[in-house]
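Shared between the two complexes below is chain A, which has chain B as its partner in the first and chain C in the second.
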Partner chain A sequence: MTDYAFSFDQLSNYLILGAALMSLGMLGFLSRRNLIVMFLSAEMMLQGTALTLVSFSRFHGNWTGQVFTIVMLTVAASEAALALALILVLFNRNRSLDISLWQGLRESGLPESLDTDKAEPYVPLPGPESYPNLTPSGVEPPHPRQPWEQRRG
Partner chain B sequence: MVESLIRNVWLIPLLPLLGGLIAFVGGRRLQGWNHLPVIAGIALSFLLSLTILLGTDGSETTQVYTWLNIDQTTASGDAAGDDLRDAALIVPIEFRVDGLTTMMLGMVTFVACLVAIFAAGYMAGDPGYPRFFFVFGMFVFSMTGLVLSSNFLLTYAFWEGVGVCSYLLIGFWYAKPEAAEAAKKAFLVNRIGDLGFAIALFLLWTYAPNHDLSYSNILTLDTRNILASTPLFLGQSALFWVVLLLFWAATAKSAQLPLYVWLPDAMEGPTPVSALIHAATMVTAGVYLLARSSLLLAAEPGLQAAVSTIGCATALLAALIALTQTDLKRVLAYSTVSQLGFMFMGLGAAVGHIAQFAVIAAVFHLFTHAFFKALLFLGSGSVMHAMGGVIDMRQFGGLRHRLPYTCWTFAIGALALCGLFPLAGFWSKDEILAALSAAGHDEGVRYAGLYLGIYWVATFTALLTAFYTGRAFFKTFWGPEKLPSPGGPHAIAEASHDPHVSSGGPAYGVDTPAPESSELSRYESAMGAHRSVPGASAAGPDAIPHRPADLPDPVASSTHEPVPQDHHGHGAGDHHGHDSHFGHESPPIMTVPLMVLAACAVLVGILFGPMTHWFAHHVEATPTFELLEHHEHEFDWATAITGTLAALIGLGLSMLMYARPSELPEKISGALRPLANASWNKFYVDEVYAMLVVAPTRLLATISRYFDVYVIDGLVKFVAFVPRLVGQDALRPLQNGLIQSYAVVTAMGIAALLILLMFVG
Partner chain C sequence: MTLLDTRDFGWILAIVALGWVGMWLLLPHRHGGSRTTRVTSVGALLAGIALLLFLPLLTPPGPLLPTLFFYAFSLLSLIGAVLMITARDPVYSALWFATVVLASSGLFLLAGAQFLAAGTVIVYAGAIIVTFLFVLMLAQSHGQAIYDRSARRPLASSFTSLLLLGALVASIVATGSGVTEETPSPVVSVNDLVKGDPATEPVALVAATAVRETARLPEPHEFGQRPPHVAGLGGTLFTDHLLAVEVIGLLLFIALIGAVAIATPRIPVRPDRSNGSAPGSSSSAPAGTA
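Right after this comes the complex of A and B.
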């Protein structure tokens, strides 16, 4: 059932916006070397898709697209949590967010596609590192408490 | 008593097998007593056979077990209405007791028992002693099973069984190259014959009523008529082809032209094996098979003539070769081939009203031949034992004083083989000659002239038989005494008087060879190899004249304490220990079987032959033989006198030429140089086969090898190479580990898919 309040011209606007978001996101994902920016670009692609879904849903008067978008947002939220945690770990490894440092999963014997030595230099911020102290709860874990810094690989 | 025995007739094959298994499993733990279970098993089998032999007439079958049971209803499927398609194959393990079977059983177990006793002495101290008696027991199992089985397929199974045992025993000293080659040759030639048997079985299964392969179904006049009225191939009936293929199988097993070549080489095996398998029992399996199916054979006069002709040609050729051979065992081997030829002549002469008589004559010759040929072979084994493994007749002579028992028993065997009255060979050979003569003089027989010709050639062959037998006997036992020279390659005489060697090299048989190279000697000492070098190569002056006494002894170095340890090798053991046997008579364990067999060679002809008709009456009871034409047959004085004359002439000539040193043999062979050379070289049959059969086969094998290596292997390697090429050179660079390149490929893929979906289709 078509909702005539939401005309085809309006729909095309939404679709153009969604396609633009998607394309920009893809462009960003393919061209940027910073892990966090790549992640943001991926999120942008996701939002473009979600916008397209919602607008089609509205145009056709069918709720499925909107429900699906809600699900997609939920998944994207979990994914963001995971991805950020992974990025954090990667950063702890190399003190850098440059994607060129993470080409190790290639076939053996192949040269690196990006020059690692052109990666962004790591400039440590001055001053002591400070992380929020979470309120301890539950039972103390069996391992000896160690400062976070000393546990780095 | 007899009925329950017949019900449990499977005990007869089983007991020797059990004995053999005990001998094998017992191994060295039996400490050289491995022969006991085998001898006991065979002896018990003999007693059982004898009881059945004396207590039965007519035919009975007992089913032990169903081997194959492929029912028509379960296997036919939707092929209803098509006779050839319904596939029933029911093969019971069923044993049949009738005249022919009991006769064969008694003969096989009796001879096998004596040969086993002889072998206990002959093989003492051989490292392969348990193995020998295991295979021996297995052979007796197979042979008794062969003659007991009541259908063609079971016969075929046991037929293969004896073939395997023959192979194992010819190659018993497998480290000796000649023995290994001979075993291979025997096996391959027998395979050629077995192919014929197998095809005959297929034909019988296809065309016989009910697909029933049992003798009681196939060997009847009804089945014969059905087979004869089925046209098959080249305008001949199924019967023709079945009989031809069975005859083909028989020529391989019974060493007839053109497949006889394996038997002379089989003499590389231990002498008791030659006596038992390659003279007395196994080689008669072909004759047995043809005798068993003589009812089918009798319907094909053309094939009968062929059987007789082949037998005659074989007998003549083998006799001619035997004239000049100097290896005593080889002379006997060719004589075996020749005598088997006589049996085939008899089988082929089963025409007209003498059909039954001729078949029984052939079977009777089989029966008597087993005794005297086993006797002769064991005698030659005894000579070999005393001569330290030398079997070349040029190297010894005049042994009658040194080996009195061997000499006189050998003489009896030789006279029996010549066919002199009243020994066994006379009666049976005379019956065959009489059958041939009767066939030749019968007006109603289609190929009467041919049979008459065969009769005269057979008589001439009998003369040759007497001549070469006499030659072998006189060269070995008569004339001035001569022993293998101490300085020659067979210097056992010296060594056996040396106490150090006597105690130091205990595990070698007396036939332990003088090694030709250290490599070979190590093998042969490990094998306890006996030696029988045919003539020419024996007297190499560069051979090392020592026994391999200082070599590590495989038995002595083991932790077991074998009995022969403290005695001198060959004659050692608790039953007969003596210091030296070189040039001396063999121990009683070997001479007693000789004497028993000699007594048999004298008596079986008189006791069972035409004098009493006991044998004929017994074998006549075989159901299929009753269907053959039979009439009373008078004793034929003419053939008897002619045959005896031929034998006497042959013997007389040999005595003239060989009883004392004379110039005559050289003169005669000088005058007939090409013939003598051809005979000495076995008429170049082996060479011709090597050129006509072996060389093309080898060529084909070589071509196949190159085809395999370059074409087949190339294809396989190419198939393996393509994925490697694709993976390595095309796909590998794509896996660069950079997430963005993967994303590009994915995006482009999706884009291509979208374009495809939107604009194409």
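Right after this comes the complex of A and C.
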């Protein structure tokens, strides 16, 4: 027998994992402020749900859960296409992926939820950034080689 | 339906409490302050203990090799999920999400969904991640922007999510704790109902009518004899769910039109100038970027 029985214990394994992925995705969606990370978190919630559906499909011995998961994959792909198009438009407006710049879209009567004025400035790590040591090849360029001293950003 | 016993309840409470504090310490600071290495390592330790406390809730699936792969994939997906949420650099977030997708497609394989495992890898890790990485490279913030270094209400949101996780896990474990010798499964599988005699049992008749022959998973075969997996999935897709297939094809088409309509840059029409400037270039100084 290549197949072992899929008992309720197996089902509850997958259900617990799906619940964990789903609530961690919810945590990311609630707490992160980057638009792209928020969309990735939403996709992770979908992954947890897909895990649940596949395990139920196996437990009940029919294909319905897997067909549902295929539909969900399609919806996720459409959602990602539209989300990326929207993110591109929003990024072109503000040159930033910050979700809190779009707080004007909130319900009327609600206070602003963020106070970025108190934010501390970014402290870069001291010293030059380390880059991989590439093997020199080809003709030596005529200009003198300068070591890289600056960090990006 | 039985209630949770005290030991399971305490166990889940420990997961919720440790995960709450650990995720709060691992997430970015509310005002974008920098965390010291010690605080981060304490958070990683607490979250790691909470992840390890998950493992005794899972039951090993039979033989050694499936057990080994199941625990490896589940740990990998949980660790990848935590690191995806807490990574400051969104490029790392995307890569950890790819790890989560690969691990969960391994779990799909273990649950007997070969086609979905391959499809998930192709659709998510192949297409979506690459597109997200393109957009991330366009934004070029490298985790230094203020919106990457700060989180929205990390204490409250991690408490909410961990409470949801605790409630879900508690309900699943409470359902599973009703297993006795007489009732080995607290949830009735349709697979068992279908096998009953339709002439004597009305429930079996209903189940057999609702779940047609094409909609059932193939029976387990002898060693070396492969059940026709993808053929069965295609069979049920194009007989039982034909309308759904048509509808999702239409949905993809509409999403394609929508994406093209939204993302196409529109050159603003200026009455005084014949050729307007490029869109977006006239916006103000970069907001929020370092």
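Some points to look at:
Heads up, the rule we're going with is that the second predicted complex is superposed on the first by the 106 of 153 C-alpha atoms of A that agree within 3 Å, B and C clash if a C-alpha of one lies under 4 Å from a C-alpha of the other, contacts with A are read in each partner's own complex, and residues count from 1 in each chain.
The working rule: contacts are C-beta pairs under 8 Å (C-beta built on N, C-alpha and C of every residue); 3 or more make two chains touch, one makes a residue touch a chain.
What you see is a predicted model, and the numbers here were worked out from it, not measured in a lab.
With the two structures aligned on chain A, chain B fits next to chain C without clashing. When the shared chain is aligned, chain C comes close enough to touch A:A80, but chain B does not. In the superposed model, A:M26 lies in contact with both chain B and chain C. Of the two partner chains, both chain B and chain C are touched by A:S113.
Within the superposed three-chain model, A:L105 lies in touch with chain B and out of touch with chain C [touch as defined at top].
In the superposed model, A:T64 lies in contact with chain C only, and not with chain B.
Between chain B and chain C, C contacts the larger number of chain A residues. For the three-chain overlay built from the shared chain A, the minimum Cα spacing from chain B to chain C equals 7 Å. Of the residues of chain A, those at positions 26, 30, 99, 113-114 touch chain B in one of the two structures and chain C in the other. Those residues of chain B that touch chain A in the shared complex are 732-733, 735-741, 743-744, 747. Those residues of chain C that touch chain A in the shared complex are 23, 27, 31-34, 54, 57-59, 61-63, 66, 70, 74, 77-78, 81-82, 84-85, 90, 93-94, 97, 100-101, 104, 107-108, 111-113, 115-116, 119-120, 123-124, 127-128, 131-132, 135-136, 138-139, 141-142, 144-154, 157-158, 160-162, 164-165, 168-169, 172-173, 175-176, 179, 184-187, 189-191, 194, 211, 215-217, 220-223, 232-233, 236-237, 240-241, 244, 248, 251-252, 254-256, 258-260, 262-263, 265, 279-280, 283, 286-290.
Considering their complex, residues 1-4, 6-17, 19-28, 30-34, 36-37, 39-41, 43-44, 47, 50-51, 54-55, 57-64, 66-67, 69-71, 73-82, 84-89, 91-101, 113-116, 118-120, 122-124, 152-153 of chain A touch chain C. Looking at the complex, you find that chain A touches chain B at residues 26, 29-30, 38, 99, 102-107, 110, 112-114.
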